[in-house]
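Two complexes come next, and they have one chain in common, chain A, joined by chain B in the first and chain C in the second.
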Partner chain A sequence: MDFSSTKKGPFVSLVTGLPGGGKTFLGILLVAALLVPLSNLLVPESSFFHVPTYMVSLLGKYLSFALLALSVDLIWGYCGILSLGHGAFFALGGYAMGMYLMRQIGDRGVYGNPDLPDFMVFLNWTELPWYWTGFDMFPVAMTMVILVPGILAFIFGWFAFRARVTGVYLSIITQAMTYALMLAFFRNDMGFGGNNGLTDFKEILGFDLQSDGTRLGLFVCSVIALAFGYLISSFITQSKLGRVLIAIRDAESRTRFSGYRVEYYKLFVFVVSAVLAGIAGALYVPQVGIINPSEFSPAQSIEVVIWVAVGGRGTLWGAVLGAMLVNWGKSYFTGALPEAWLYMLGGLFVFTTLFLPKGIVGTSAIWIEKIKNRQTGPASTIPAYVKEE
Partner chain B sequence: MRIILKSFLAALAILFMTQAVAVSADLTEASQGLLAKGYKDKTAAVEAVAATGDARSVIILEALLGGKLFIQKSDNVLVIGVKAEGGYKTVNAITGTEIGLTPKSDVKKVRINNKMRGLIKGQLGGLTLLSDDPALRMKAANAVFISRPKEMMAPMQSALASETDPTVVPAMTRALAALELRHGATMADKQAALEILSDLHDPQVKSLLSGELSSLRALQNPTGPEKELIIAVQAGLTKIDEKLDFLNIIENIFQGISLGSVLLLAAIGLAITFGVMGVINMAHGEMVMIGAYTTYVVQELCRNFAPGFLDYALIAAVPLAFIVSGLCGVGIERSVIRYLYGRPLETLLATWGISLILQQFVRTIFGPTNKEVSSPEWLSGTWEVTGGLALTYNRIAIILFAAAVLLMLVLILKKTAFGLQMRAVTQNRQMAASMGIRTGWVDAMTFGLGSGVAGMAGVALSQIDNVSPNLGQAYIIDSFMVVVFGGVGNLWGTLVGALSLGITNKFLEPYTGAVLAKILVLVAIILFIQKRPRGLFALKGRAVES
Partner chain C sequence: MTSRPASEKTPEFASILYLDGVSVSFDGFKALNSLSLVIEPGEMRAIIGPNGAGKTTMMDVITGKTRPDEGEVFFKGNIDLTKHDEAYIANLGIGRKFQKPTVFESQTVFNNLELSLKGDKGIMTTLFAALGDADVARIMEVLEIIRLSERANWLAGNLSHGQKQWLEIGMLLMQDPDLLLVDEPVAGMTDAETEQTSDLLRKISENHSVVVVEHDMEFIRALDTKVTVLHEGSVLAEGSLDVVQNNQRVIDVYLGR
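The block that comes next holds the complex of A and B.
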């Protein structure tokens, strides 16, 4: 995967600017995007290499979680903002997508009402609430996927960062935010389906959601979105702005005294991160087929943080790796040993914080460097912040 | 004229109640009318039976009301029958002698209509007004207050005159005033009755007055005095409304303090671990949960081995919950948290992991379903402060308990050697260590103290909430809100935070509903933290920045 010999457009220079690990990561993503659909479509079902459709959806789900983890890593790993409410942005993006899918059902619902989703008919509503207007159009819905989490993050961040709410306090109020949203979305009067959320989707852009082709399409979309999110994140973190972010993470007051408007940097990266989380949510919903208020629960958001911590905070592809690993473990163990999963997840939290403070990627990078040092002497390729204890 | 006569008779009957035996011969005679076919005769008979004032007339009228009064076809004798296999088990209604099993075909039910039903109820009320049991008299007076039959005026007056029980007198006064207002002879009587009623403040009087008001308004051509009465009733209603509003506020404050004390209990342990030590203990809720489960276990042990002490199991559970949760806390501190000091975000994640493990652990042992912790005898029931304001004992107990826990903690922090060491370590760890304080030991004990207090909170919460593995989760966010709102490192801040959140919540609830009230409070706290990032009572100085 060496792009350095090609002509340099802006996108290409983005890719070439990546550190070695990043290029490998993008390569793996590209291979996955090609191999999984091919093996699903071409390899016969009896073969070992056949990827069944349910697995495609499962992988797609992991990819959307990976994008969510990436967004958390962007603010936590690079700016020191531990958000315990990122599930809220994810869920808001998901709800925006869910509303579009809901409108696509049209008159095929149980009550056969062409305008109103089933739950509204059930609640004896006669017309669509104003905030549902336009959600039958895909472009509008997609704009909302970006705008709603972005605007919420902007307002929230604007107040919080200007007031210099930092550290644990910020974590607690982000948690309160997602908790408040969860309570709100549980209410039937909100017009988002209350307890049951939005479900029973039929099709997206005219493609049947149950068909293999659509599922593959969504999987490929998830791969592209993740790659895109990765490129944006690494562009931000590699840029001068990213250096300032790291400075804020390591010594906020000192950065402020050096003349940087810390709150604007934080606000920018917080909004970008929230938008990425929203996009992740929008990809998650059609592949899982449901969105309900439990996505807002604080526990969900904290779980995202542990994905990042396991993979390695401060390394973008570490976050992706962590999300994939933990969720694969979750799928496997909730099936095989449902009793044991919470013990394992809890143990993972404790083990990671105590013994793997840099996560899998960070810790292994330190080991690799140690081995290299033994062979060639100290010629460090590891950024200082990864090494520091 | 007849009515006056009848009420006169009834009054007479009641006056002569003491000589009931003398007039008992009349009962047979009076009840003869019940054998008649026409409702008119039966109605008269009901009144006559009641007028005898005989104790047995209550039995007869109650049987009549319940459809258990029959006529034996063979000899036209009134019998009271209870359904049994193959017919009715009957007794003679007048003499009370048992007749035995009578086939269905041998008896005929005495039928009554709705009008009679109302009359019988009123008459029964009049008869029980003189019962020996004050509770029955009270009940009768309240029944009269609701139905307000005109015939009851005289009996009520005489009953009130002879009433000695101070608890029954107000009920009778109220009932009499209600009667006067409806049936009073002169406008002056009605006005006087209205005076009495509008000094009372309960919802029943309010609904009575508004009913009266609407019936007065419905009059076609109100006369002058009637118009005056309308105005007076309106004034009375406003007066009652004001009083009820006031009581409502008191009740809201009480509910708010009650919720606030629950929050205080849940948060106060956190105020120590978070406030004093700077440790974000996400497993705090699970300490509360463990306390609640300890209560459950103590209760079950008592039930099985010492049923006599079941009522006191709750008291025994308090120190035990403190010890169990406290030991858990010390264990967590020694095994995990001490390696994470100075890294609050990592502590947060690790303790969250611990909370998951503890939840699943409790689920494995006790199962996922709710466990029942019963309230002891001395905590159930309500304290009726005044009409329209009743406080439950268990809520009052929780308020007192929370106050006691707070006081205990303040004393420990301010007056004991351990408290002094604890504050020393908080303020300057190195200096404290060089003075010979075992900082590690102080850390462990402080964390144990915070966790133990959480366990004690669990004992209280087991009384008002479901004891389930998720108990702690429900309180953790609220607890953090309280601590952050009140200001970290300040027990008084926690108190003020808990109470103000509780009261705000309860005042919002009537307008918005419980869920929306909670959301609004959360949003308000989020906004508040923007204004004062360190809470209501913030620590000042350089120590804050680090």
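The block that comes next holds the complex of A and C.
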């Protein structure tokens, strides 16, 4: 019997240790990171193979959504924590980036005030609130992108998981969390631009946000961030800790009586997931040019869950695929048939639940195994979690 | 079977488990009513009783799931179990098998045992854990004991009901506990499986203390051990199976008089 996959130690190699599908996935990301910029810069605009700049930013936005979907899959697919409020961590990461971009505007705002963003001048504020301190420095802002979602997730998880709130009750309080944050960020006196949010960004690290080069740079950063998020998630889920997470998902009390402190495991993966979501938000904001409280709306977070369900929860690249496909569909159909999109999204979720309960990736893996078994007899090669119960 | 040193068989404490005057009530219903019970080191004890006698609540109290309203619960003489949670108590050396076989269905039999390995269960240790040769050997040994060597690569969910019961007992053995609490190990088993399970438990009891809760009288007879009868949350009778079965109060309770 071969137990090499279980025996393999840590850091054998982050990449060579990946399952076959994982290497393919990273390969596709690498090819995209090379081809998209090349075709945008070198291929003439008249050519079919030219990728226009708006498309580069659109793809970059999808990649940030893919990272968000990955973060939700990590807790939902592997640990059974259904967060219906993960958009909150995404939005907080986005706001941290947005605050940096606001400070970069300097005196080029409508009111020309070098120290205060336009909306603060409009509110007759005379000085920056204390919590904006340091956001003019990129490293500080990036630290906040990680710390703010991470700390919120830690505090939230500390109370929720220690009190053993699980299942639908946990989902409901995650909804309440993001809803409360939305209401708070809508208020002008919170100091985050209220209803309008943060926008009219000019530069990032001195590069013009409207230029093709900057947009390509942001796209490549998004690819790198997604690859990084994938490697982290893959390392976690392939480790013994990943098997403990699945054990918690399938039989929480058994795991507890086996000597694992379930609440700490949940807290760990919840914080990692929130940090990934925050990074995704920070990449989203410069590419779409705005962040406002609607990102906190409960419907946004539920949509993320639909992406993961469609792609296949419990399979990391399934979450990525789901995010890409659904968002591509959203971009296309909100242009072609704007009234129909919400019905299609709802219909898609119903269809997935009824006919593809394991999502596209999970269901196709089951089909592939059925075909293989017909040829060679049973031999389980697919991950256990995509099997039919 | 296991390579536990002989010295562990003659420990310095008089009781492995000591319950005195333990009471638990849920919404006014007394699930345990001043229950007292002493299990000696190395002893195997069978516990029987009609439904609602408090058998499962007793296990909940011992394993830290339920806090008693009053009473004392001590492990190995001086460890107060009422002060600790499930994970801590599991690591102290008390293993618990559930009434309904509970294994990690979507993982292999091998990984089920691996997850139950005794050792540091902290997050960082688990994240960077690598399986050593000694660990694999131990898993193989337990697979042999629970007769599942041929099923090591199977998903636990695909095992038969009886095999799941054995796997869960195997998971307890991986924790290398001093005391095993086994709740209805032969429920839903065939006669042949029941017989194999009693062999298995007798073998385990050679170097572990075991508490078995069961309804099946044939199985209890096969275990050939001291029996405690619970009724309405306290001990009704104690002794060998024959003595207990001829006790008038036990007969009354079981026949509902």
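Please note the rule applied: the second predicted complex is superposed on the first by the 376 of 389 C-alpha atoms of A that agree within 3 Å, B and C clash if a C-alpha of one lies under 4 Å from a C-alpha of the other, contacts with A are read in each partner's own complex, and residues count from 1 in each chain.
The rule is simple: contacts are C-beta pairs under 8 Å (C-beta built on N, C-alpha and C of every residue); 3 or more make two chains touch, one makes a residue touch a chain.
These numbers come from a predicted model, not from an experiment.
Asks: Go through the superposed model and pick first if A:L241 touches only chain B, second if only chain C, both, or neither.
Replies: A:L241: touches chain C, not chain B.
Asks: Give one of first, second, both or neither to describe whether A:A163 is in contact with chain B, with chain C, with both, or with none.
Replies: In the superposition, A:A163 contacts chain B only.
Asks: State whether A:T133 touches chain B only (first), chain C only (second), both chains, or neither.
Replies: neither
Asks: Give one of first, second, both or neither to describe whether A:S253 is in contact with chain B, with chain C, with both, or with none.
Replies: A:S253 contacts both chain B and chain C.
Asks: Which of the two partners, first being chain B and second being chain C, lies in contact with A:E339: first, second, both, or neither?
Replies: In the superposed model, A:E339 contacts chain B only, not chain C.
Asks: Is A:N195 touching the first partner chain B, the second partner chain C, both, or neither of them?
Replies: Neither partner.
Asks: Check whether A:T143 is in contact with chain B, with chain C, with both or with neither, and answer first, second, both or neither.
Replies: neither
Asks: Going by the contact rule set out at the top, does A:I306 touch chain B (first), chain C (second), both, or neither?
Replies: The first partner, chain B, only.
Asks: Counting only touches as set out at the top, which of chain B and chain C does A:Q175 meet: first, second, both, neither?
Replies: So A:Q175 only meets chain B here.
Asks: Output the chain A positions appearing in both contact lists, the one against chain B and the one against chain C.
Replies: Residues 253, which sit in both footprints.
Asks: Can you tell me which positions in chain A touch chain C when the two form their complex?
Replies: 1, 3, 6-11, 236, 239-241, 243-244, 246-247, 250-251, 253-262, 264-265, 268, 380, 384-385, 387, 389
Asks: Going by the contact rule set out above, which residues of chain C touch chain A in the complex?
Replies: 63, 65, 85-87, 90-91, 95-96, 98, 102-108, 110-111, 114-116, 121, 123, 126-131, 136, 152-153, 155, 157, 171, 175
Asks: Spell out the residues on chain B that touch chain A in their complex, using ranges where they run on.
Replies: 280, 282, 336, 339-340, 344-350, 352-361, 363-364, 473, 477, 480-481, 484, 515-516, 518-519, 522-523, 525-527, 529-531, 533-534, 545
Asks: In their shared complex, at which residues does chain A touch chain B?
Replies: 82, 156, 159-160, 162-169, 171-173, 175-177, 179-180, 183-184, 186-187, 253, 298-299, 302, 305-306, 309, 339, 342-343, 345-350, 352-354, 357
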